[in-house]
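I have placed the structure first, in the form of structure tokens, so that the comments after it can refer back to it.
As written, the chains take the letters A, B, C, D, E and F, and residue 1 is the first residue of each chain.
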Amino acid sequence: MQQGLDITLFGMGIVFTFLLLLVICTTIMSRVMTRFFPEAEAAAVRSSAPAASSAAGNARLRKIIEEAVKQHRNRRK
Amino acid sequence: MTIGQFSMMVVCLGLLFLAIRKNFEPLLLVPIGFGGILANIPGANLALPAVEAAMYSGDAGVLAQLSQALGLSGFESMESLKVAFENAPAAAAERAAQVASDAGFSNGMLYNFYNVAIASGVAPLVIFMGVGAMTDFGPLLANPRTLFLGAAAQFGIFATVLGAVGMSAMGIMDFSIADAAAIGIIGGADGPTAIYVSSLLAPDLLGAIAVAAYSYMALVPLIQPPIMRALTTEQERRIEMVQLRHVSKSEKIVFPLVLLILVALFLPDAAPLLGMFCFGNLMRECGVVSRLSDTAQNALINITTIFLGLSVGSKLAADKFLDPKTLGILALGIVAFAIGTAAGVLMAKLLNMVSKNKVNPLIGSAGVSAVPMAARVSNKLGLEANPHNFLLMHAMGPNVAGVIGSAVAAGVMITMVRAMGG
Amino acid sequence: MTIGQFSMMVVCLGLLFLAIRKNFEPLLLVPIGFGGILANIPGANLALPAVEAAMYSGDAGVLAQLSQALGLSGFESMESLKVAFENAPAAAAERAAQVASDAGFSNGMLYNFYNVAIASGVAPLVIFMGVGAMTDFGPLLANPRTLFLGAAAQFGIFATVLGAVGMSAMGIMDFSIADAAAIGIIGGADGPTAIYVSSLLAPDLLGAIAVAAYSYMALVPLIQPPIMRALTTEQERRIEMVQLRHVSKSEKIVFPLVLLILVALFLPDAAPLLGMFCFGNLMRECGVVSRLSDTAQNALINITTIFLGLSVGSKLAADKFLDPKTLGILALGIVAFAIGTAAGVLMAKLLNMVSKNKVNPLIGSAGVSAVPMAARVSNKLGLEANPHNFLLMHAMGPNVAGVIGSAVAAGVMITMVRAMGG
Amino acid sequence: MQQGLDITLFGMGIVFTFLLLLVICTTIMSRVMTRFFPEAEAAAVRSSAPAASSAAGNARLRKIIEEAVKQHRNRRK
Amino acid sequence: MTIGQFSMMVVCLGLLFLAIRKNFEPLLLVPIGFGGILANIPGANLALPAVEAAMYSGDAGVLAQLSQALGLSGFESMESLKVAFENAPAAAAERAAQVASDAGFSNGMLYNFYNVAIASGVAPLVIFMGVGAMTDFGPLLANPRTLFLGAAAQFGIFATVLGAVGMSAMGIMDFSIADAAAIGIIGGADGPTAIYVSSLLAPDLLGAIAVAAYSYMALVPLIQPPIMRALTTEQERRIEMVQLRHVSKSEKIVFPLVLLILVALFLPDAAPLLGMFCFGNLMRECGVVSRLSDTAQNALINITTIFLGLSVGSKLAADKFLDPKTLGILALGIVAFAIGTAAGVLMAKLLNMVSKNKVNPLIGSAGVSAVPMAARVSNKLGLEANPHNFLLMHAMGPNVAGVIGSAVAAGVMITMVRAMGG
Amino acid sequence: MQQGLDITLFGMGIVFTFLLLLVICTTIMSRVMTRFFPEAEAAAVRSSAPAASSAAGNARLRKIIEEAVKQHRNRRK
């Protein structure tokens, strides 16, 4: 029984402490990132680092299919 | 066919019915239910190791050799032989396996699946990686406070541990501290975490724990609403939340690394689970390994799910599942869900007391995880109270926080139970 | 390079030619043929366990240690050492493996593939699951009588067993009863079943049996028509069958469970094969786990096929394949196909005597399985006799019935051979 | 030789008996299902239990592509 | 956390930064970097076998049992115990594993991944199969002379071996001949080949070798151009090559078989690598097994890459990676790339002396492999010198020839090192 | 040191010899194939040996999507 109480108290304590730490670190990280690496740059980096060819292929396929859908919908109207 | 095997087949057909007709977590319950039927086919020994298959063959010579290999003076009774095998040190177990192999017995198919997929720990970890690759931490990053909701909902886990220990203290059940910890994790509402923890702490209860976890996850839309309504006022349910801020790509890339480093510093026993989860999420967000991320979310997680499900099914063999403990597990599991839901809602109300940005307490219940069902429940109740109140994205924050929270709780429990010599 | 290895390379190049240019079951014969070439590369030892690689190294010290590990008084001859290793009890085999490992030898790549994929039984079972997920039982459910055609066609299996035993009795060949059973299953015209049974009953013959099974399946359009024409009249071949009734979704969902329960009750030794088959089919039909079903039909079955094929190829090593037994197997295999075809056609004629709903006897030959080739052959001959006679869907019933029938026959044979101490 | 005969006779016997049982059970099952769970209900159940999102996506993809094919064929005419 | 573990985490975060922001071979470096972080989490023991985890637990009883199992008279020091475990014969290692298992320790997750994926050799081979299925030998077949460029570029490998041996002779480093061979293979600019060779010859250096190989492959656009410019005149860089002839389907089908047969005859130790490569390519070209080829190029290679990367990461544990040898490996690796590039260019100039069909020497550098990066570099420099000079397809010939060349060199080195008792 | 030299000399030698052999065999093979199995026949064989249904499906899918792309591009013009 004592063991159960120990686990419950310590356990909840650690879970809360850990997630509190995570909240703090996440908040700091978000501030740092938004200040020093704003979205614009991130976007630029991404475009300079094109995804692997297969990924690109997938994206293209998706786009083509979306087009096909659009055409189809337009026709239905 | 024993009456136990027959009952288990009926139970498993029931699981299949719920999965197929009532859409109860079918991706897991279809393989689990089917595996359970296979495990209970008399004479097929699909869920047994070669040594046990050799025992049940009843050949006197083999039994004598097995007894000797396991360090008994001779064959006395099946029961004592089984006990000796269960407690055998690794060297004796291997000698017994060699005897069985020489006598022409081999491990059952499901036993092999279980060993490769679950006993090694790999299947739950791979699924967690896939879940990580499917998870968008955007809502959580936009509102990190919701992590507290995910933390609070883990109270269901620990209250259940206490309940299981209490039942044992009162003599109603006979759960060890390791059993209690494994049962508690049902309250985490997270299948792979529950399977991972019970494979480490209480492999004999794994079948019941997994079935309870997935069934109650499917029942979230029934279990949660009454509790949520009871603990909130109409006024509170109407609270509209401010729109979530935009979260940049870089934040999403760095977050799994931040989480990983915190785990590395403070919670090494949660490293396998959270490590694979963060890895999956980093693959998703980093944008340069989309072919790996796609595979982790599709082919790999599907293959793993098939074998994980069948392996869990192997633990639905009558002699292991039909035990009063199973009833205790089912009872404790639903209590865990209820307490977790309540704790999440109450924590949201507490947050509202100390903060000026109001939180709708309905999203607190999403902290139990059960992604994305619990978040949908929050959304539905929010819309009932206020037709302009779309809580879904807000509830996704505590929802994924609950996944992290359960994995943290799992790490804590594994550490503590081991320290207690469990 | 020995003359045997050279011949096997030529044979394997021939298999590749047939697979690629003549489209002979390429999905299996390309990996099998390629694996066969790899297995016959002199000095690479890709298909050998570490212990055999250590033997062939010829190091005197290693040979002495191996002899000791295997319980011989000392190294006498390579032949006696090989025999000792083949018949070694598990403990001695492990000691020998440790000697080989300490001497720096490791298992060949193909040997590892064989162990993981086939010796464990998993690859044929996973393929059977995928086949189940690809199978539509609609035509069978619309006309359950066609199950009898699938049963009759299994006579090819048992007649071949008798033939193999007879050849041994006459001293032409030296097949044990287990060998005979494994050879017979070629007549089932079902690759994974044949591989599964021979991995259990006659692993040494697995290469020849698999090659025979897949080659003859590819030859179905040549083997079957003359037999079918000989046993039917023009009149019979013109019979048009009534259109199949519509089969509801629920029937399709419940059917694999009915089959599974019958297996559980009456045929536990067929449980691994038919269990996985039914599981795949249930995933297909239940409609709620389509992502699992898709994976079982694509990524998972393809990955498994690659390794299964290479593993089968490892059994095309010259010292195992170039044996008079192989000729016997090839001869018996084609007889099995022919008898199975004839039995299916004759059973259809028998059904017509006792029933008023006439069956076109051409669909009887589809009972050997070889899905969907045999059904297409039935359709083609039907159209020849009567241009309005589309038998394809009608032939799919016996076709899938043949898969069930072979798996049942496999279960029966495994049980009986084991009972005979094979 | 005796063993071979045994296997042949028992084997064929069991195969036929088993498939006979299967014919019987299947026929009964079909009657039960068509009487107590006619298609209409089955269809309703299916629509109330929508397939997993991925499956739905697949189905949609297939439909879109079928549309694209149709359009293409119509154009060719 | 030790200072070593901390440093390695920083190094791994650096690798992740390079992979994600600078697009350095992200498919491998993201899993490797992440695995490296996991391997350095203190207390989690993810990269350790059960026996080492048991050692670090420090339990006196366990240490005594381990010492006994490993044949020591008693526990003296951790260091001596570790040495005993590393050099233990297979039987003693198994006894130690049984002791650890009985004491409740199990292998770390990454250690298991490493064993299954790399120690068995399967992951690099499967990736090589996938690479084969992605490779188009058309440009090579159209101009087989480019194979000489792929041969010449392997001089980088052998010069590095000489360099490593030289450093040891001078007492700067302490590389065995096996280490030197494994380090040299970095110059092959081919990840799976490097991992395969070092897993066989120098498993302790695998982490550093893999990181060096992939990093320098990513740096090819920086490393190669200055060397290429220095060794060629403007005139030479302007050479336009005649358009490649059309290569028929049949040639492409037969080529992998020709290569396989040459390997079988002359280079059996390269059979696993080149065998799987040819198998992948045959699946691609034969046209009748496209579903297998698709899977080999997608699901299967992606799954394998994930586990290969994490497994390599397990070798980035501080106690193995933070070693002066690593610096030596990094230094030798870049020299290897440089020498290989130079040798390729010079060989192209040599070819021009003896042949009338002129070759642009810029395509010589593509012979190091690093597909397709090196070919793109050739193309870029060609366009700089002459805007009408499209070298990409011409450079693909030596580029894929380099893959064959490295695999041949790997086979040669494995054979020779073994013969030297390495 | 001697070992290092051995490996370098023998190694480069074997690599060159092997690739030389490969050049010779490849050239012979190409001549044989182009003389005795010219492309036309190869094409004929391929069409007489249709790919497995799934492969065919893939090919068809690709074709359909290509068509969709073409239509789309034509429309854009």
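Rule of thumb we're sticking to: contacts are C-beta pairs under 8 Å (C-beta built on N, C-alpha and C of every residue); 3 or more make two chains touch, one makes a residue touch a chain.
The shown structure was predicted, so the numbers you read here are calculated from the model rather than taken from an experiment.
The minimal number of chain-to-chain contact steps leading from chain B to chain E is 1. Using the average of C-alpha coordinates as each chain's centre, F ends up farthest from chain B. Using mean Cα coordinates as chain centres, the one most removed from chain E is D. The geometric centre of chain E is 24 Å away from that of chain F, both derived from CA atoms. The centroid of the Cα atoms in chain B and the matching centroid in chain D are 32 Å apart.
The centroid of the Cα atoms in chain B and the matching centroid in chain F are 48 Å apart.
Chain B has residues 20, 23, 26-27, 287-289, 291, 294, 298-299 in contact with two or more other chains. Annotation for chain A: residues touching 2 or more other chains are 49, 52, 54, 65, 68, 71.
Chain D makes touch with chain C in their complex at residues 1, 3-8, 10-12, 14-16, 18-23, 25-27, 29-30, 33-34, 37-39, 42-43, 46, 49, 51-52, 54-55, 58. Residue ranges on chain C touching chain B, taken from their complex, read 89-91, 94, 120-122, 125, 129, 253, 257, 260-261, 263-265, 268-269, 271-272, 275, 278-279, 282-283, 286-289, 291-292, 294-296, 299-300, 418. Put simply, chain E touches chain F in their complex at residues 140-141, 144-145, 147-148, 150-151, 154-155, 157-159, 161-162, 164-166, 169, 177, 180-181, 246-251, 254-255, 258-259, 262, 266-267, 287-291, 294, 401, 404-405, 408-409, 412-413, 416-417, 420. Residues of chain C that touch chain E in their complex: 1, 9, 13, 16, 19-20, 23, 26-27, 30-31, 34, 37-38, 40-44, 46, 95, 97-99, 101-102, 104, 109, 112, 298-299, 302-303, 305-306, 310.
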